[in-house]
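See below for the structure under consideration.
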């Protein structure tokens, strides 16, 4: 297990940047938004938390596509499936690696980007917290989607079509929490919901993903 | 050349839905935005044109990743490079195929999505026009990016990192045109700029892409 | 402690390919599978490896004891030779890759990225992977593809050592392995139409 | 109308691999390249195919006249056998794939998706691709990998037909092709360090 | 899951209901039933729609626009229930490995999509006079849009996979997981925005309810839509079975040759 984690992290690093990439993409999205919606600060401030959450979602999505496909194509998945490791564990680890390379950096850097979109001061706490609670679910759900589409070449768009609807609850509660906090309201409830969803996802999804992957392997 | 175009379209179709997928993804983005920035109609109306343009950008991006990578991995690119076709032409065709499968559907469906975000009536013309003018450039630039990163496994994020900055001018003028029209202002100037950019890109990018790809092949 | 297959039927995409296979491979023994292209060797190996369930019959003594060497080797181009081996060793709960490196003389290449190996060198690395798994049963699918004579010899000695250590090996191949072993030709077991329930015979 | 290589030096990743190669392959002639793993056969073929430029020396009579059959065959798993062939035929401005299908007896598989072929069947399809290109010079890298005896014979006859039609073939292999032809062992041409300017010797 | 499947295969024969899980038997049954279904569906729809459109008074607030309800509500109901039918079919496939149920799920999806679209469009048309906008991010509307997305994903996955059994397994699991998340999103959306859309006025609590004059023809229309849905699904399932059957026959030919 640890070996797998280390390998995935190393591969992510070797594939140019690793941690950096997620951030850079995040940054670009944040920069592009003013270009596309126009520079009025008031407007930006209002949509800032949402934009950050959307950015997190997309950064997650873009890196999902190849998550399992690579191992599938070079036959590594076959070997892993025959190895004396539970496939559920393998997939959970893959999700963890994915989160460390994309989710975690976003969580840590969120305040910085918040400044770029001038999120009001009181908003930062909830923003970071919501991302920290939400992104693990994103990664885990993403692994499920990747397992579904692993057999399909250029499944990129299909993957996102399958995964994004599953992201909706997480996104809603996460963005809601961040937004409320930014507006100075209490954001405990959405954060609780968010935590609940993440917990549920982490508990059940690995099994669903392993099930699907086994079907794809045969 | 025609054979190549047909093959790429066919492959896109086989990979589940083809044309449909780009649209579906676009739709999802449009749905996710209100979730993340909140449901206030007024706000949405103001950011609508920008959102649609961002959506187009991202739909483009997600399908780019594998555009050349697939052919690279199974050795098809090597054979194409040795075939008596100019590599520039090959890449132009690939861009065309990509546009037909992702760009074109977006252009046609944009008005529908405009309704969802209550774009004011006078905005539609310019919106569609700007997308029609802009998306070809997105595809062509994307192919260039794909050629740059073709050698790199899981280059997905890196690719977007390289490509998005190149998208900025197109995005600015495109979104600007759409936004002005939505606010009832005249949008001729940005549209002209947009057309200029696209023309330039289509004229030069194939050569740059071919150059880069040759370097990657050796 | 032996691999035994009784009355096995395997298929691909719902179509039965081989049927009525029964054989056993004792510890210290190697069995070579032969048969024309498309006769079902790979499918059989995948089934024994547990990657697909049999359509009929059963496989004994395989679960969690096999190392499967397929047409593709599951190597990461971005990792060095040593890193690749260490990873697989760790996955199978083993340690120490020196023996494997030596056996397929990869010492000189240990720091080279797997993506920068020649076809044969890649293949050697793929075979070295088997040694670090420490699994008693090796399932090999055309292991000597694109190996030169010297490397084939290395492979043969590695297999012999594995057998002497009480391991077993099941090898599908078209070419000579430089290895004396019992041969099983799968051709006679080709599944006849309707022999066993294919997944969609309900529709017939 | 012949392929000629004079004083050629080729390398990978800036490191010279082979140097001082000179040979010619006349129309109607085949040349077999031999050499241990990692000796540089693939690199040489890629260079002659024009996929990488030589570090020194020159290649004549290759540009736009070669069909390159590499370790990977450039087949699309999602397309049927026939579709794959038709595509490559069209790319090379040819038409009519029947001959190729027949020569590698793929008629029975024409409607099958390439992804659902066995290793050997895939390989046969990859070789059939050469026939539909109509290029006079074939550059083949271990063409008979994972082919059974019968298919190797098919391959040999296909090559002979190609030669009789005035074509030329350059084949790198470790195993027998069932084909009598001139053999060139590349081992003696292995590049000695510093023999030719490697791209980064400026730093030395 | 195929473990479950295998043990189910063990005693597929006894229970009589499952007789019709055999594709060929099923084809026979559906062929006998379809004409009746078509007929009844047509009857109910004609009666319900004519009654609703021409023989009900205009609403005092909404004017004649209220009559869209006769298309809108039944369509919306069916759109939702189609998904649940797919869910049940998927479960049957997972547990008992009856191909018919998997194919029925596959056949129902496009019908569900069409129903969803009808509800969306009629709703939009209705929204224009009622709320002065074609679309509002009202929870119910939004969750409907999400349902639409789930349909799309489900269909796209079916399309993308060649091997039918693999496709059946994957889509079945997707349907299960999707349902959970669809329900989750429904509540999330409610939390996110309180909307202007009607509550469940078919429910029996009297305040905010549709008057009986509108109510009875509405029920007839709903019945018509239900019958229409059944007919369409049976018909399409038959087609799917025949497609699969031809494929199987061709495969066998190839193997015999």
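By letter and in written order, the chains are A, B, C, D and E; residue numbering begins at 1 in each of them.
We adopt the following convention: a residue touches a chain if its C-beta (ideal position, glycine included) is under 8 Å from a C-beta of that chain, and two chains touch if they have at least 3 such contacts.
The model shown is predicted, which means the values in this text are computed figures rather than measured ones.
The largest tally of C-beta contacts between two chains is found for A-B. Taking each chain's centre as the mean of its CA atoms, E is the chain most distant from subunit D.
Chain centres here are Cα averages; for subunit A and subunit D they lie 44 Å apart.
Here the CA centre of subunit B is 34 Å from the CA centre of subunit E. The distance from the centre of subunit A to the centre of subunit B, each centre being the mean of the chain's C-alpha atoms, comes to 23 Å. Separating the CA-averaged centres of subunit C and subunit D is a span of 28 Å. Counting partners per residue, subunit E has 146, 149, 152-153, 156-157, 160-162, 192 as the residues that reach two or more other chains. For subunit A, residues touching at least two other chains, in rising order: 11, 15, 73, 152-153, 155, 158, 161, 164-165, 168, 172, 218. Subunit C has residues 13, 53, 71, 78 in contact with two or more other chains. For subunit A in complex with subunit B, the touching residues are 11-12, 15-17, 21-22, 24-25, 28-29, 32-33, 35-38, 43, 46-47, 49-51, 53-54, 57-59, 61-63, 65-67, 70, 73, 102, 152-158, 160-161, 164-165, 167-168, 171-172, 175, 179. For subunit B in complex with subunit D, the touching residues are 2-4, 7, 10-11, 14-15, 71, 73-85, 217-218.
Across the complex, subunit E is touched by residues 144, 148-149, 151-152, 155, 158, 161-162, 164-166, 168-169, 172-173, 176, 189-190, 193, 197, 208, 211-212, 215-216, 218 of subunit A. Note for the complex: subunit E touches subunit B at residues 124, 133-137, 142, 145-146, 149, 152-153, 155-157, 159-161, 192-193. Partner subunit A is touched in their complex by these residues of subunit C: 46, 49-53, 64, 66-68, 70-76, 78-79, 83, 86-88, 90-93, 129, 133.
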